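Look for chain A in each of the two complexes below; its partner is chain B in the first and chain C in the second.
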Partner chain A sequence: MIDPNYVLPPEAVSNEAVARRLVEDAAEQIRAGRLKKKRLVWLELTGCSGNIISLLDGFHPDLEYLVTSMVDLVYENSLMAAEGERAMERLMGVLDEEFILAVEGAVSLKNNGLYNVIGRWQGEPLTALAAARMLGPRATHVIAVGACAVDGGPSAASPNPAQCVGLPEVVDRPMIKLPGCPCHPDWFLGTLAHLLLYGAPKLDDLGRPLLFYGPTIHDRCPRRPFFDRGIFARTLGEPTCLFKLGCRGPVTRVDCPTRLWNGYVNWPIGASTCIGCSQFGFPDGMAPFVRFDTTREP
Partner chain B sequence: MNERDLVRRQIPIVLGEIQFLTRMLYSLADHPVKSLVLQELWNQTSFLQFLLSLVDQQLAAPPAPAALAALPTFTRDELAAFTGRNGNPAYVAVGGTVYDVTDNAAWSAATHFGLTAGRDLTPEFASCHAAQQYILGTLRPVGRLA
Partner chain C sequence: MSTRIVVNPVTRISGFMEIDVTVDQGRVVEARTKGNLFRGFEQMMVGRSPFDAVYLAQRICGICSTARSVASSLALEQALGVQVTELGRYLRDIIHGCEFLQNHLRHFYQYTLPDYVRLPEVSSIFTSDHGDFRLPKEINDQLAEHYFESLQMSRLAHQMLAVMGGKAPHNHGVFVGGISTPPNADQIIRMKSILQEIAAFIRTRMVPDVYTVARYYDDYFTMGRGPGHLMSYGAFDRYEKLGTLYVDPAVYRNGRFEPFQADLITEEIGYSWYRGKRSYTPFETVPEPDRQNDEAYSWVKAPRYDGLPFEVGPLARLWLSGQYRSGISTMDRTIARALEADKIAGVLNTLLDEITPGVSVQQEWRVPERAMGAGLVDTTRGALGHWLKIEGGVLSFYQIITPSAWDFSTRDDRQPGTAEQALMGAPVRDSDQPVELGRILRSFDPCMSCATHVYRPGQEPLTIQVL
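Moving on, here comes the complex of A and B:
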């Protein structure tokens, strides 16, 4: 007798189907008591909070599912009801417990980290630097979410007045890196679901999950046939290849072309160049984002 | 069997997959399954493209020293004009050879991870691609650096 829930091949591999299977599987394991709900601490350090906003935009599954069915979200300063000393008590309460740490934002080093204070504890300011050093080594897993946490990103862009660096420069331990500006909600939730169900996902040699960061944007770009025939756009409005205008698709490894954004309806190449936000070195290494004086005569 | 034969053997297999998937599309009515097949078709096409690029790369043997010697020489000042801007091609020098990167996919807008064309990038190449010397074999040499 075949289990009615068993997915016979070929199994659906749409974004919705894969994400749904992962989370349903995770929820089932939790219900059966094989998995205990893990604690999740999400630190917002030096950045724009764009990654938590992006996560709020998650679709399959959504944030409600994350906090009710996947993990016990202990601390997230933008979303939690507690504030001030009460919020810090929750953060300090996890120190002796098991927890997964997600970090967005870079770590500011200037003046011993005083350029970014994330709260006060026992009358003393708690800097992003101190928080990263305190929580990083104690977590069971660390996920660096977004460009800033991974390698400094826009926070560390020249001239970098706050001396920002990525989390790996401050916390010396293996971590999962999810570059992107911002990180797609599926990249984070899929990685988290994988962590809960099967442990750490398979990573490439730069620490990114191969599940999401495999082929380049260029490999699957709908404008690719134009590149192969050497037909290049001279303005952003043209439907042909944006390579001459500065498209970073050929150096950016991520699944945007098939995953799509905003509830899976669109993505940057639909309107303009890829700016390489999910590649190391963004944004300085990806400049110029768009340039019109190209190698060809206009 | 050498590596190129291994790659060539893969090509008819992938083409067979593509034909199978295309035929399958004719008989499918269910939308979700159709999009699944389309996605797989897309994957197989990318894979085919990758295999073909591998065959091309292996054909591009590093240029013979005699052929290199016949190429024109560039001074650093002359090289500096080939920035890939205002209609000029984009040239970069590595290890004394000048290469054309005008239509190289990794050099969009004649820039590559913050580097600009028209310069000798020998140390930069060594610091990032020391283990990937084959990259130079995929570029078209256009001259020697004086």
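Moving on, here comes the complex of A and C:
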């Protein structure tokens, strides 16, 4: 019988191996009840609820790993078993506790926030605006997930009928911003893992983790050689550079070309133009998404 | 003595919803369903490049975004006078079918199952409060395991979608002409391989599981009927060579089958927060928001077919295509969703066998100065319509009537909406734990991101102040 405390050499010391040991160690501590899981509140506000759907698409870690081994997910409108007042009790219950707050969706300001009511508490409607103001300042960390939470996104598209703004407009505190429409599950889960294991990740001057939001899509695009040689597609579906059809890869800073989506099988430019969904100002600042009337070289 | 019950939020749906019912002697005697979100995509579309509709409209909904890309590209094709090739249709419909699978898997396991099955409390979200769990422990635990197994399957359905769509949700593949980039042989075989895995799960887990739930909760076969009028715009239908693989456009009302006529669709706003014509056809007008209407209690509009509210979705489609006619109820609707998942997997297999690899269906599409087009198609939750007009080369008008608007419409002068009628007469055993209400509503698979928002009648709701 080998002493369980005896470490067999040699032990792998690569980043991946160290990270894996830390994660497994943390999971083991949680299972043994020595370490309490941090609470996570995921608020869906004024948007399409597509970021929670994207999170369900995460592989390794996936949702099961997230809720069993990483955090205690306390509130999530699309998934929680409780409903009505009982669900609201869960949300209000975190106010006196420590929790991490993830927010998807913009915050509608119109009519004092009444364009988006996310629940009812003690008979009165709880607006997205009130929920953001109530929970935002109290969380240990805030993560704005997706384009709408970051700066209004599609919910704030002109003429912005619901007067939507991003979370930073109504919650004045440091927060991590994960733009994207939707946010890639890895961008959120990797950011959360960093928070849990190593503290806040390094951010760029706009609040995005450098881990995911660095070089432009154009810098790492597999179609880049066509751009460099001036070979441009005239229709979608051609394998050459889509720049003249309206591709926003040159201004969009995110790791789509190397990370890929949905179990790493494809990415937007594998199908059509990049529409700049991970860049500030999407969608109005990135439109038109596809155009056929650009001036071309002869 | 009557009791008013308000449930808000109705969780495990997409978006935000409130149920407001009055219960008398243990039965619902008055019911209102209310959406709690408004963004105004119809207004946002005006002035934009017509092509942008395909991508922007998807942002209406994160769980059924592909449906919007399909309806908007169909409407654009009509406006631009584009003849879509059969290959283009096949490819677009395959992407759309993947979304059906993703949706149905998630709706049954993640949204519906926690109503009937106790989940292990590994995270606080799985804690349930009601006391009506009837499955024996062994069976309960098996279904709870399938809850987690299903996560891999719905994820795979989105992966299959992304093989041609680029990513999901909010795909880049569906476009005017059918699809932006055609698949190669390796992508076709990847999709077939993924599909085989999902199809096996549907056959060996999902379908048996839904019948297990039905066996222990058989009282739900007598609850939540609704008006009993069923409609479909058609799905996977009228291919040149393959014919109809699923369902043709059709209507069932008062016990009779009829052909579907698009010109019988109207929308009413008598009980919604809008001003303008009280009843209009889709191309006529998009009403202006107006909160001063005293009769209104909701911002969900009321779509009608020949003046009647209709149920749309999987049960309607199976019924109209003759594949399930056992009954119309909460449990029939839930069973139909699982059976339809199996059906769609078969349809996708047939379509994948028809694909020629590497053949582009794209052209340099031209936008006319003036045009109009309609895109009517059945999507996961039912009948979806986009109606658009182009003036000066940009969008000048955009009308959207979603499946959830059909199922969760407000009342009109003559009758309540579809889900409101389904709630009428429902028994509520414990008004403190009205589990019946959520079960009935979820059987329709509400997607309130696709619909609207609401205020309480006659009063300005207060904003909660938490210091």
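Everything below uses one rule, namely that the second predicted complex is superposed on the first by the 261 of 298 C-alpha atoms of A that agree within 3 Å, B and C clash if a C-alpha of one lies under 4 Å from a C-alpha of the other, contacts with A are read in each partner's own complex, and residues count from 1 in each chain.
Operating definition for what follows: contacts are C-beta pairs under 8 Å (C-beta built on N, C-alpha and C of every residue); 3 or more make two chains touch, one makes a residue touch a chain.
This one's a predicted model, so the numbers in the text were calculated from it and none came from an experiment.
In the superposed model, A:258 makes contact with chain B only, not with chain C. Of the two partner chains, chain B is the only one touched by A:285; chain C is not. By the touch criterion defined above, A:157 lies against chain C but remains apart from chain B after alignment on the C-alpha atoms of chain A. Comparing chain B with chain C, the partner in contact with more residues of chain A is C. With the contact threshold set out at the top, residues 273, 287-288, 290-291 of chain A are in contact with chain B in one structure and with chain C in the other.
Chain A makes touch with chain B in their complex at residues 10, 12-14, 17, 215, 218-220, 227, 230, 243-251, 258, 273, 281, 284-288, 290-291, 293-298. Residues of chain C that touch chain A in their complex: 6-16, 18, 36-41, 43-44, 47-49, 51-52, 54-56, 59-63, 65, 106, 110-111, 114, 119, 122-129, 148, 151-152, 154-156, 158-159, 161-173, 175, 179-182, 190, 289, 291, 360-366, 438, 449, 453-456, 461-466. Touching chain A in their complex are the following residues of chain B: 32-33, 35-36, 39-40, 42, 46, 49-50, 84-90, 102-103, 105-106, 108-114.
Only residues 39, 44, 46-54, 56-59, 62-64, 67-68, 71-84, 86-88, 90, 92, 95, 108, 111-127, 129-130, 134, 153-155, 157-162, 164, 181-182, 234-238, 261-263, 265-273, 275, 277, 283, 287-292 of chain A touch chain C when the two sit together in their complex.
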